[in-house]
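One chain, chain A, appears in both complexes that follow, with chain B as partner in the first and chain C in the second.
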Partner chain A sequence: MRSKLKTLAVALPALMAALSTAAAADPGITDKTIKIGMFAPLSGPNAAYGFDVANAAKMYYDKINKDGGINGRRIEYILEDDRCDANDLVAAVKKLVEQDQVFLLNGGSCSAATVAAKDFVVRNKIPLIMLNASGDGALYPPTDYIFGAFSISQYAVGGAMINFAEKTFGVKRLAYVNHDDAYGAWNLTGAKVDAAADKVDLAVESVSPTITDVTAPFLRLRASNPDALLIVTYARPAALLIKKAREMGFDKPIILSVTGTANLKQLAENVGGKGALKNLYIQDVLADAPGGPKIKWVYDMYKAAYPELAKEPDHPQTYMPYGVPSAEAIVRALKAAGPEPTREKFLAAMKQEDFDTHVMAGPVKFGPEERAANKSTVFMKYDGSSLQMLPGVYTTRWTYKN
Partner chain B sequence: MRSLALLVALAALVALPFATTGYVVYLANLLLTFTVICLGMHLVLGEAGQFSLAQAAFYGIGIYTSGLSGAAFGWPFPCSVLAAGLVSAVVGLLIGGLALRMRDIYLALATFAFGEAMQWVLMDWTSVTGGPNGLHIAPARLFGLQLLTDKQAYPAVLVIAILMLGLAILLSRSRLGRAFRAVRESEVAAMAMGVPVKSTKLIAFALSAFFAGVGGGMFALYSTYIHPDSLGFQTTILVLTMVVVGGLGSIAGAVGGAIVFGLISELLRQTPSYQEVIYGLILIVFMMFAPKGLFAFLGESFGRLRRA
Partner chain C sequence: MTLSLFILFLEQGVASGLVMGSVYALLALAIVIIFKTSEAPNFAQGDMMMGAAYVALYLLVFRKAPPIVAIPLTIVVAFVVAALFRGLVLAKVAKSSGSPVNLVIATLGFSYVLRGLVRGAGVGDTPRTFPPLASTDSIMIDQASVTILDLVIFGAAILTMAGFFWMFAYTKLGRAMRAVGMNPKAAQLVGVNIGRIHMLVWGLSGVISAIAALLISPKILMTADMGSIVTLGFAAAIIGGFNSLPGAVVGGFVIGVSENLVGLFISSRAIVVAPFVAIMLVLIVRPQGLFGGRTSIKKV
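Let's turn to the complex of A and B:
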């Protein structure tokens, strides 16, 4: 009897401990696998911002699996199309979390749509590691669960572009065109901080992403007699503005943000040829020109992972490498979370990340109150056929104030 | 037979949250919301024959009214949903007073312009709407309880959808509904029969806005965020497509169109490479083989089968 009691006394706490561990185990993780839910625009007009970006993250996970996985676990991913639309993105996120039971989310290429998922993931304590959305609206004020801006924070882009224009061309008056949406508003906030610091006057025009005639905003900007033109729009308004600048004989430097460079070959055609690009500078966030020696490994990996797709025209898409840093950050944090990872351990590891991705111009760096991965950017000269990297890495003086 | 089908459908809707995941319930909430918006489109276009393209704008007014009133005054959700419908209806009445001086394509263009202007207002009235940053919607409340999940919001969404469906049926069968159809068929003949054409069209327009506004209030029950980007012309076209595909002029068509087309759209999300092609093909097939709408097509097919 006594020996039975003794056995029970030993077995009961062990059983309770086992049960409590089982109860505490997060969804999406087994002894053999870790399930990651991915989402990106895979169809429609915004697919250029996410299709190959998601492919890049997938190929990185495949490589990790090939190398033995993370602490003996293989990565399983499920990819959903969010169409860059808030309702569709929320549907994708809810499907991944509630139906597919993923451990964490890795997705979002469109900022406004991605912000729509914020309250759901925070309320349900699901880690959301954005793909390439700037997503500043979900990063400030910081939460424990959302990390993003792996391409770059829009606050940083705005400030860095002013910084570059002032240092490179000594400008005192700048014409600045952004979008009349959240993306544009974040960018302008950063730009204003650096313009004030550098004593640069800004003439601002905010245009719709679907604008079809830029004559009026361009004439208003030209009237301010600017030393350079800064464009932080998507590709279509950017092409219209550059074309209009040529038609109106505007020969001062034009500095275009990376959002307008989805297809550089197409840009050269849309602006009416190389003549319009004589004085064009492009902001970018990669460590090297696309395909350059520093980031060649990403393009090689893409060709090996998707040999058929790589043969198609316009592939890999311009933003393809942006998919790697978030996947790198996730893999590092999962490794750091140890052999028995939980969502809380993973999130704690994410907050401490500070590493060079070997893809982007700056490091991925988070902190106790910092959820935007990248704030560094570089600039290149583009003449319609080739890209020439310019020296220096630029950032903003904007900081988040609670 | 019809009563049995309705009972089965109702039982399935009641059982849904107990048998499925939150994701499925979210889809159900969204489909029920669009059902109500489609019922509004049915009233103004299908019943009264007025080509209004402002449904997304009224839906947006409903979302913002509900979200803002809930946050500012702490109203329980029945009040904020009702406020959403009423504010949309008042705006609809004002806009209708101006727009309904026009007909056909001119009316469509005027209401389209209003929709675009409203999206601009929502985007630029930053101090109230959050502008381009969007608006975070506080959880809906009732008697101190917060609706924090899709499953918690679902009963409220379902009850409101059923009430709105009942209201649409009542309206359709009422004297007003007959006046709507008389105006649709011939304004001159309606006038000769003593139907006050101008006020009838205005009422149809305001009722349509009310339905869309209530739809907005329903959205605010289970959604936590709204951005003006979601309230553009694309949303109006989606609603119009649902009503036309379901069957213009019939309540069953509006309800069925919203559900079938909403489900097709969500299912196509699983096949990203081909979805645009499949979506286009479905529309072409519907227009070619079921121009009167899905439900009229099904009814005729069953009729033929029965006769055979």
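Let's turn to the complex of A and C:
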């Protein structure tokens, strides 16, 4: 009897301790698995921004699982379609957190929609590691829970484009077209800082993403007699502007941001052929031209993971490699969080990250007050059929001031 | 702003505005002819245009059909689909409830079906170019630069509108349509087949949408959402007067020109609000629209 009591006295505190650990443990993590909630635009007009990006992240997680997982745990992912719509995205996030009980979120390809999840994520203290959205609105001011801009921050895009135009063409006056929304405003803020630093005059036209007739903004910009035209819009307005430039005999350099390059082959068709692309430069964030030797491993991995999809036209989609860096960052932080990871340990590890993804032009680098992963960008010349990488890596002089 | 820049903006704004305005006018015309005969606005008008554009794209690009085959075939498809929707769906909705609200909901449903079909076909998400039916080389009209395609769009839209006005004014069919619009019961008493006329009106509205699609698609790039341009057709119809055919045409040109002038002289940001400011001003000064008849109050 006494020995039974003794055993009970030893076992009870141990059991209680175990139970209390279990009760305190974060959702979505067991001895065998880590559950990650993913969301991206898998359908609808913005699927080009996320469908294959999500596939890239998935194939990276699959590779990690194949190699033995993270500290013995397999990654389980649940992927939801957010259609780049703020309502759909927030609904997907709530479902993943409340119903699926995920450990962390890895999603978001469109900035405005992704920023809409900020309040819910911060209130519930869920780690949100964006997929490829810039999401500047959720990164500045920094919170403990949201990390993004694995493709690039929009502040950095705006500034880097000015920087490139000034260094490459010695411009003094620039025409600049952005969107008349938050996305365009972040971009323009960075552009203004670098334009001031480089003493470049900026003529700005902000247009609706749904604009159908670009005659007015184009004429207003041409009237400022610019040395080059910078376009920081989505694919459709960008194509309309390039086409209008050709129609109106504008022969100065045109520099197009990466958001307008969702399908380069289609862009060449949409602008009316190669004639409109004689002086076109595109901004990109990859370490090499798509399919180039430095990032060939990503394309090879995609072909191995999705052999049927890879045979389909327009696959892999242009932005496919952008899905890898956020997955790499998550895996590294989970490893760094040790054999008993918690959300707190994971977030602490995320803040320490500083590594080369071997995919993007610049490293992933966070810090105590920095939640935007990448601020480096490269430029290529596109003539309608081939891409020629230009030397140099560009960034912005814009910095966040609290 | 210098005088020469002012003149350039003015000339270009009017020229580009007339081109886009002619397409808005076509859409407004299609909206008004349905509204006049059924007293329910057709909220599927934009997606009828979008659907016709994708039919033409399929024939011209994917099937490599010559324009002389693809264009008439697109117009026939648009006519048949629109007429059948009226004959098979709207007629039943009207019979079962008689409320215009139900008709409106049915047109919204039609709109979603068309968009779903295009998206489901896997061609509606990427912005696509539509083969232009004329050269896109520019020519100068004084200081304004327009393309040959622009001139074709303007000319074809004017000819289409003139053809429809002639039909409404001088043919037996047109007179029957007008009679149904004015007093359907009286028209029925004198032997007009109301159901057939409704189907024909919808079919013709489909034809106008198809022509608008063929004209505008090379300029705006195609997506499954391109039908949203119909908002400007509605704006044109409101400005001109929802029951006036000439009003719809004038409204279209007012919207097209005001969009461009506001964009050029005020700000690109103001382009999207220009049509709604124009609507507001017209509604304040003349609630029935520029060419609308007297406002009437229905007792319920």
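Methods note: the second predicted complex is superposed on the first by the 387 of 402 C-alpha atoms of A that agree within 3 Å, B and C clash if a C-alpha of one lies under 4 Å from a C-alpha of the other, contacts with A are read in each partner's own complex, and residues count from 1 in each chain.
Basically, a contact is a pair of C-beta atoms (placed from the backbone, for glycine too) under 8 Å apart; a residue touches a chain by one contact, two chains touch by 3 or more.
Treat the numbers as computed from the prediction; the structure is a model and nothing was measured.
J.: So, A:44: does it touch chain B (first), chain C (second), both, or neither?
T.: After superposition on chain A, A:44 lies in contact with both partners, chain B and chain C.
J.: Touch test for A:119: chain B only (first), chain C only (second), both, or neither?
T.: First partner only.
J.: Based on the superposed arrangement, let me know which partner A:269 touches: chain B (first), chain C (second), both, or neither?
T.: second
J.: Given the touch rule stated above, what does A:180 touch, chain B (first), chain C (second), both, or neither?
T.: Both partners, chain B and chain C.
J.: Let me test your reading of the model: by the given contact rule, A:128 touches which partner, first (chain B), second (chain C), both or neither?
T.: In the superposition, A:128 touches no partner, neither chain B nor chain C.
J.: Applying the document's definition of touch, where does A:241 land relative to chain B and chain C: first, second, both, or neither?
T.: So A:241 meets neither chain B nor chain C here.
J.: Answer with first, second, both or neither: which of chain B and chain C does A:98 touch in the superposed model?
T.: First partner only, chain B.
J.: Quick one: classify A:90 as touching chain B (first), chain C (second), both or neither.
T.: first
J.: Take the contacts of chain A with chain B and those with chain C, and give the residues found in both.
T.: In the superposed arrangement, which is not itself an observed complex, chain A uses residues 43-44, 47, 180 for both chain B and chain C.
J.: Which residues of chain C touch chain A in their complex?
T.: 5, 8-9, 12-13, 16, 20, 119, 124-129, 136, 138, 145, 147, 219-221, 223-225, 228-229, 259-260, 262-264, 268-269, 271-272
J.: Spell out the residues on chain A that touch chain B in their complex, using ranges where they run on.
T.: For chain A paired with chain B, touching residues are 42-44, 47, 80-81, 83, 85-88, 90-92, 94-95, 97-99, 112-113, 115-116, 118-120, 123, 137, 180-185.
J.: Can you tell me which positions in chain B touch chain A when the two form their complex?
T.: Listed in rising order, the residues are 21-24, 26-27, 30, 123-124, 131-134, 136, 148, 150, 223-227, 229-230, 266, 269-270, 272-273, 275-276.
J.: Applying the document's contact rule, which stretches of chain A touch chain C when the two form their complex?
T.: Those in contact with chain C are residues 43-48, 180, 205-208, 210-213, 215-217, 219-220, 223, 235-236, 239-240, 243, 247-249, 262-263, 266, 269-270, 272, 314.
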